[in-house]
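Below is the structure I would like to discuss, written out as structure tokens.
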Amino acid sequence: MTDTKTIGISTGGGDCPGLNAVIRAATRAAILQYGWRVIGITDGLDGLIWPERSRELTMDSISGILPRGGTILGTTNRGNPLRYKVTENGCEVVRDLTPQIMENARKLGLDAVIIIGGDGTQAIGLELFRRGLKVVGVPKTIDNDLSATDVTFGFDTALHTCTDAIDKLFSTAESHHRIMVVEVMGRDAGWIALQAGLAGGAHVILIPEIQFNIRKVCDFILQRDHRGRKFTIVVVAEGIRPGSDLRASYEQEKRMYPRAGAAGNLIGDALGMHTKKDVRVTVLGHVQRGGSPSPFDRILSTRFGVEAVELIARGEFGKMVALRGRRVEAVDIAEACGAMKRVNPGGEMVRIARAIGVCFGD
Amino acid sequence: MTDTKTIGISTGGGDCPGLNAVIRAATRAAILQYGWRVIGITDGLDGLIWPERSRELTMDSISGILPRGGTILGTTNRGNPLRYKVTENGCEVVRDLTPQIMENARKLGLDAVIIIGGDGTQAIGLELFRRGLKVVGVPKTIDNDLSATDVTFGFDTALHTCTDAIDKLFSTAESHHRIMVVEVMGRDAGWIALQAGLAGGAHVILIPEIQFNIRKVCDFILQRDHRGRKFTIVVVAEGIRPGSDLRASYEQEKRMYPRAGAAGNLIGDALGMHTKKDVRVTVLGHVQRGGSPSPFDRILSTRFGVEAVELIARGEFGKMVALRGRRVEAVDIAEACGAMKRVNPGGEMVRIARAIGVCFGD
Amino acid sequence: MTDTKTIGISTGGGDCPGLNAVIRAATRAAILQYGWRVIGITDGLDGLIWPERSRELTMDSISGILPRGGTILGTTNRGNPLRYKVTENGCEVVRDLTPQIMENARKLGLDAVIIIGGDGTQAIGLELFRRGLKVVGVPKTIDNDLSATDVTFGFDTALHTCTDAIDKLFSTAESHHRIMVVEVMGRDAGWIALQAGLAGGAHVILIPEIQFNIRKVCDFILQRDHRGRKFTIVVVAEGIRPGSDLRASYEQEKRMYPRAGAAGNLIGDALGMHTKKDVRVTVLGHVQRGGSPSPFDRILSTRFGVEAVELIARGEFGKMVALRGRRVEAVDIAEACGAMKRVNPGGEMVRIARAIGVCFGD
Amino acid sequence: MTDTKTIGISTGGGDCPGLNAVIRAATRAAILQYGWRVIGITDGLDGLIWPERSRELTMDSISGILPRGGTILGTTNRGNPLRYKVTENGCEVVRDLTPQIMENARKLGLDAVIIIGGDGTQAIGLELFRRGLKVVGVPKTIDNDLSATDVTFGFDTALHTCTDAIDKLFSTAESHHRIMVVEVMGRDAGWIALQAGLAGGAHVILIPEIQFNIRKVCDFILQRDHRGRKFTIVVVAEGIRPGSDLRASYEQEKRMYPRAGAAGNLIGDALGMHTKKDVRVTVLGHVQRGGSPSPFDRILSTRFGVEAVELIARGEFGKMVALRGRRVEAVDIAEACGAMKRVNPGGEMVRIARAIGVCFGD
């Protein structure tokens, strides 16, 4: 093998603003810095199962994608190629497609593959690395819940979308003396709810990490009312941890209504019933995963993309780029996966929020 | 009475970006142009029931409100002062408070009152006018469903919010091969759904004015899929008119789930079931009623506010300002109320949408 | 000729948000409604001089362009093909390339051409129409100064950009007791300055249609100061009409400093000198011509694009689409060109602005 | 002195999004957490020279200020109270007003003062601290050039404004084959130019820390042209460091044209002359200092505000809050002042930019 390499890039999992910026930066660095060829692997790793779908990425084909949401490579819902759902003789069966993937990577001449994705995608990358594929990872999680990296791209953009929505609800709530409930993303970690709540000036923030008592939330709202503050903004994460007074209803709601909005609607109903105040619920849903990435996310994506190429150039495989403090570093994928970063109820952010009067219902 | 007048301003009904801009323009015109005094009537017409809550509006007190959502005057949920809910001896009873209102208007020295509000509020204004209050109306409807005026403030801003959400969902839908359903406002008229759908490039638009067949929508989506367009954006008004194949489920959904989101979630479930594709639903809710008004809405609000003052100066009461073509005119409140402007299924907008391939499911 | 047509689309002149939306709508309507072929003529009419540069527009090639600024077809700076600058034997000479254009249009099989552009571009289209090309026009002017149409796409988006800038300057001006001068587009017509000024709450608006006296502007600012309003927002059109006290300096400034910013900087200097207050100048420049089109502009562009195709279908050539009141109509290009729509100093908009206290310096 | 304190808050220097968020957070924490009184010192430290202008900040008076640009306390241009310009007998003389300030702080009962401001303001705070005032500092610099803190509020919002402008110019540049020059803030440090350039996908970035050769920039642009990339985005900091081929013109430009825009216009003229391409220049100016703070800036401001109150509670005066990595810490004001943080031409950010092909002209 000479110095001229061919590398592949793949994106997996849910949407996240900044994916295209990573693709662009890695492609530009590979071409301009090293003169390598770059192959865009389409639809997660499907492009290694059907290699004819993959295509070369050139300076032209990545032009203009920096500010765009989504991913020009696409992703898949079929999931794990180690346990891939295929239809054979009319039946859906599960196959391990790793051999095909390794074979096709060789046919495409891939010297290394950059895999951009979350926990699940990185675990697949790790398995492929163990079987001989030269893999480098770029972490992606819009919920900011990966412990290996201080922060990843997409989170800041999601904060913008949520904060903008809270700003819009604020004046209506104030003018119309209403309780406004906003459900934001975060099944297991409350980072978006906590930070968007702080940024939007929410009065109540309910997150998975802090068990709340709905009575305490109602008391807080009624005390506000009493002091002439006739409105309240409540930010609710998708995953909440109700105390005994609401837990049964929550389990029932999730069973009967297994859609986004379960947490927000439950809280809305409970607050309306107990406070006799007018309540409106907004469920932001996938709007939070879209949009043009913020400057912060574009810059971080660009750094990650370039550093992933540097890892390949230095021959450091089985590693993932990560932001530590102000520096981009490399960590072992094996170490990085699985460890979740959750809000520390005794940490600085929650302390700051309590200091300015935010109610967590505990 | 000399030339120096005292006028009151009141805002009623749901929130709508531009209310503060009307208040500001009317106050400035009254003070700067005519040297009148202006009284801000708080919380709908409550400020005429408890006149001590009303306060003078000065150049200072309206400074900086032009770009802000909500209304500095507040509104009320108690509704119609002709049938006002009051608590007497622990019981809620209904009273006609018109006499108090007329009396307090006299005590406050109000020569005229500008009433900013929707259909219901204008009907109350009309009744007060018939009983002797010198009333001038400013129409407000975020749904754009008032036939008396070509368009009112707030609608353009709502379009921005909805179009922005569709833009954000678009790239995710495309990258992830998904159906994205967005429920927007519009119980009786589909203006927001139709125009935001056109502006956002939606593929399917479902509105109250056009009965749809869910099978036709599914066929349309599957044909797109067949042509390689693996994603679809569906904009759904709150009020929809399902054909026989979905009507029963819709009625049941509305009964069991009387919250915002009924229409969007129903359509989402039905499309997911029939097309076997991944579906995500976003319910924008009250976010659509908030936010800083768009330039168009600020300018229209300013025109309405100034013209309302001009009507008072000319002694034309019982009238409402309205936009006709490019001009602001005065119409009788009596005529203006009640007539609803709905989307014409055979009109230009629907024709344009069909010409570029939008599916209405009919 | 059978019913199956081939049509061309061309964009000319300065940038304007909504060009891509017109291209998309016309292409979709031509393909989906009529089954026609559509050729994208590149770089103004250059694509008819070098027909090999032109390419077919398909459903795929226009996918995703609706929200994007610019034009996928490109434009040219070489200008008028009737007097085209070409380099022959090292010298730049001027040639009439109409014969080549007519010839190439025939070679490309174009049954009709939609020409999207401003006054100058439409005049060229008219000349080509007179020589036999079947031309349909779509008007474009970001300044909103075409009398044939009530409004065109791009203007509303430009208003957003300018209003957003004024909003940003407002709080700084207020906190820091400053005069903020913003120069916006408009050499001959003050529409953007007037409407953005109204939407942003500017205190002073200087436009080409109203001659101003800098002393009167200074007096106005000092009177504000005296009343405790220590800041002033001044919106200045590129083209201004200073009275005798500033005219000489303006002419000198334009000679010595023939760049964007001449008007804004001159006013800034004069106000600083006379009022002894701190002044800051912002020159928005081409930012006003870019960005994702607003919902209003996207819808108007879509209507224009579809209606242009309808004109071709009906065989009405030499016509241009135009917005009249709420309807899109067809007007003769011959009539439409040349007549400029300027702000009427005695009209409604200026009257409204004066009523709320805006100073025009007259 | 009992536990109940009275504290003052003051804002000094240029505008910066997030000032109101600091005021709000400090006031809320002081009132809700400790039960202290809070005095808003108006117009920099003028409110200590004329104490009757200062006023108490309550939960009500800070309501709704979180998302607003500017500062509700105002600032001053008179500058340093140690060398304050006052008019005596018609002459402007310079006085040291420290004695009055100390006296008035005592009269107002201030136990401590939070001073929010840049380098100059902190130096004044330090002097007052040395003379006995209990001062705590909050750093403010929109240019991000203070070495004591990793980043301060306002910078992220400025990046948004600049990136948004570059996004808007991008499609116009591409469609119209133009060179677009954008001048952004940064007299001594190129952080905004570098990061906004990266976020916006600029092709050329000129900053004070890297001397450039205009010929090299022109060559870069012409090579792009040659490869079919007919447009270029050039981001220019206010302060640039031209090599010998442009230095004389730059000095002359700054002398003859001592306004914002000198750097951008000079570069624009030079590029136009040498490349014969169409160039447009945008000078963003004070728009960059305004606007609603971004979520990141609101959260950082909130943390700074709360931590400043904590410093007072712990009796740590003469200190300034600062962000170090992910933590807010306290640093000596004496140490913090003066040391400027500039872009390291050999650091990570510049290396990343070069890797993706950005030209710095060196």
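Should a chain be cited, it is by its letter among A, B, C and D, assigned in written order, with residues numbered from 1 in that chain.
Here is the rule we use: a residue touches a chain if its C-beta (ideal position, glycine included) is under 8 Å from a C-beta of that chain, and two chains touch if they have at least 3 such contacts.
Worth saying up front: this structure is predicted, and the values here are computed from it rather than measured.
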item: Neighbouring chains common to chain A and chain B, by label; value: none
item: Path length in the contact graph (chain A to chain C, fewest steps); value: 2
item: Far-end chain from chain D, centres as C-alpha averages; value: B
item: Whole-Å separation of chain centres (CA-atom averages), chain A against chain D; value: 31
item: Rounded Å distance, chain B centre to chain D centre (Cα mean); value: 40
item: Centroid spacing, where centroids are CA-atom means, of chain C and chain D in whole angstrom; value: 34
item: Junction residues of chain C - those touching two or more other chains; value: 167, 170, 174
item: Which pairs of chains touch, using the document's own definition; value: A-B, A-D, B-C, C-D
item: Residue numbers on chain D that touch chain C, as the complex places them; value: 11, 14-15, 19, 68-75, 77, 161, 165, 167-172, 174-177, 180, 257, 259-261, 265, 268, 278, 280-287, 289-291
item: For the chain B and chain C complex, residues of the former touching the latter; value: 24-25, 28-29, 32-33, 59, 63-64, 66-67, 150, 156, 159-160, 162-163, 167, 170, 174, 195-196, 198-201, 227, 229, 292, 294-296, 298-299, 302-303, 306, 309-310, 325-328, 348, 352, 355-357
